[in-house]
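Below is a structure I'd like to ask you about.
Chain nomenclature is as follows: A, B, C and D, assigned in order of appearance, with residue numbering initiated at 1 for each chain independently.
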């Protein structure tokens, strides 16, 4: 009964029985779900324009297709840095334009959807908001791609049904993003569930990305898990990169330096090729 | 490092080192956190006025202090019943007034806070929205009690820090509500963590309730876990009651009948007394 | 399908549909599963005879019925203290006899069953060996009570079926012991699942104890959880007590002092009474 | 503190700070941990000689290096098929010899170690016995390779320390095998933790294999996860193959047919090559 909704014969909009061919989500010319492996890179939080520009320049040079960066940050403590808000969005939009890279950033409140959509080419729903059904409904009425991260302990079915909320509203441009589930393992921040990636690719036509940075929380594991993600069938990666991780306002320990990111790009290339993909 | 923020010496607003005596949250004369064990009862969803009135009448007769019922329902599937919205709020307010019972209901969207606050004596933040920091900040500026459920896989520290978001905004009327965490045990819907209840009572001055209905998902386990919750130190209970659970639009399997609820009230009474409490 | 074996109509030996009345396990005159709440107390490991005697004397004075202590210790590291082995067993047997208390200790290897049975009145299977089916089969051929701890992440069904291994061999004297399951919560060592206790009491006729010491790993939570366990329906408790917890070779942080244990006994008494039980 | 033992500077025998180069475990000429990707294949349980021979013949033709099959089966229920015991071991040994394939099988009891070692080229410790320290100590005195599966909810540190028990006894021929950890996800039997694989390769010199059959419990996910495992750095795979999965006495739903296995071998080949490995 638990898995009823997404089984064979399901008539959910997200289901492969409803649509056999892969959905391709086009973010300003950057297509997720097609022949190319798409890599989104950038800092956890947008700190200032120079830093973002430096990062963008370097990750683009290494082969990243899109730029990420948070203007609204969901932080466990109310006293931690909460992001620069609209000012951050403006910086992101300017840098994206200058570097000619599509940008993606997180929306944390249904009241902010329109504002975020004004500056960003795709809206990210973070793991903490995957169950924010009210916000998902509103994103369903938007004409912009949505990157939907899996909840901290969400089942595959709940995740697919969260996507269904968006599709049911009329917005079919959804990219699923696995970012690790919470387990009792203390070494890693989360446990990346790559069988979940393979399963979503089987059950659904939606494209799937993996975020090995949040998924592991450990710098040295980002590249091996990026390789594994592609081999499991992922259509792309989302990677945190910061020029000076030791000074990052958040998520330093899992951020790659631009040099580390360049190394990652070199190391995923043979795997992408073995999967019949090329890296944009 | 993980537990840094709520250790001894913490200057968080939620911390007992900051305020030694228990906070008492007064919901229209019904005090949570004092000598009385407060029981909130009612159906999962508000289905119609007659049903709610019948339920309210019966649970009040058995000793419930407050009435609950959902007008906005966070459902896994977009095609499940989503609640009657504002119409449901009006029904709840009318029945509460008629029965002279304070009412509590869930708010799912920061845009609905004012509307819900107009009709309800306390606002519940559901488990799925515990990390909705944007909504928590807005609830911090409200002058109404907040019942904050623990997230599906939230740690105690994350839960206390979610409460801190509300307190930091200026609203100190927060009631913590344990409703089970997600584990691999398939017999129960969730696993109630009563050590978490005892721990929050130790670390914080905020009152704590337990929801044994969602916490177990199994009717026969509701009363034993209600007893256990009180013995662990809980200040109150939130229990789902439906006159005809087999016809309930949601959560039937875990709902007590009014007769079952009356039995629960009789069975918790000696435990409450052994804890030096009386049941209002 | 997952829960098939222990549902209604089950003909498992552990099932209440097979035997309606509660099983009472008699450990040298100390009956678990009857009107009395049985408390087993003692140090994690048997360190030396004087210390054990001192502990036994004090916990007996406070009302403990049985003495516990480990001669074989399952330690995560091969370089940690592994227990005194047979020498420890001899100390335990001597102190038990002198104090006139039945003793229980852990068996870690099917090859040691006979040796342990020679010195001990009941044999404990630790959480790490709950799936050691080979050892369970051999315990089924023994004529001594078995205390079967729940595995670190065992489901209720797996736990009951582990007991079935013992009963199927002909040994019906099994006491189930909940000691917490592993979750992502870092404050507590494990998460005690009291709904599991209530569920086993419902599904099975076997007596159930709770170990709030291992279950929480935090001294201040032992008494609240002991109270909660009894209110949930537990037939007894297993509690770690050490005269000098700060010097204990293992599990110091969760051990009560004899004075703390005496306090626990006073605090569980009204709950036991509210449950219609007396404490031996 | 939790991760103390395996951090940098650790002097554990399993640690890479103690031995920089990879350990290569030689199982009768088949080397795990070297340039080749080793694939062990065979049925969950040894049912009869003809079936095993048919399976061995076919998996060898597709490129499997070693044969697996269970003679002692750890089953949740005492009434499920428990394996053919010594008779099964003899069948395995004969078929291995005839096919010229090294064989590996599980040992479930410290009393059976010598018997199993007589017939098998490597001994597998199953997930349920990873904490069976008593058995691990005895395996440390054996001169045969040990395949050590990760426990159902074991942390990486516990798993490495379980290996340390074997190494400390003098037996350095240990192969780690990830087989999925238990989570709340109901679609898959377990959740394969490939970051754990990458982490063990980083922290330790021991070779690591992955069992995508038990790890997922779902036939269609075995090949994607086999590919992902190699990309994450695994030295080999252990795969369940049965000529007629629908008639298998255990684990049918996750077993590949010989044809499915042949397909798997074709699909992992480009990934192995991209990792600079060849498949024996």
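As a working rule, contacts are C-beta pairs under 8 Å (C-beta built on N, C-alpha and C of every residue); 3 or more make two chains touch, one makes a residue touch a chain.
These figures come from a predicted structure and were not determined experimentally.
Interface of subunit A with subunit B: the two copies contact each other largely through the same residue positions, with over half of all numbers used appearing on both sides. In this structure, the chain pairs A-D and B-D differ in their number of contacting C-beta pairs, and the larger number is found at A-D. One inter-chain figure worth recording: subunit A and subunit D are separated by 33 Å, centre to centre, where each centre is the mean of the chain's CA atoms.
Centre-to-centre, using mean CA coordinates, subunit B is 47 Å away from subunit D. Shared interface positions of subunit B, i.e. residues touching 2 or more other chains, are given as 153, 157, 182-184, 186. Taken chain by chain, the contacts link every pair, so each chain touches all the others. For subunit C in complex with subunit D, the residues that touch the partner chain are 5, 72, 74-79, 108-112, 128-129, 131-135, 137, 151-153, 157-158, 161, 164-165, 168, 182. Of all the residues in subunit A, the ones that touch subunit C in their complex are 182-184, 186. Residues 2-3, 153, 155-157, 181, 183-188, 191-199, 201-202, 215-216, 218, 220-221, 224-225, 227-233, 270-271, 273-275 of subunit D are the ones touching subunit A in the complex.
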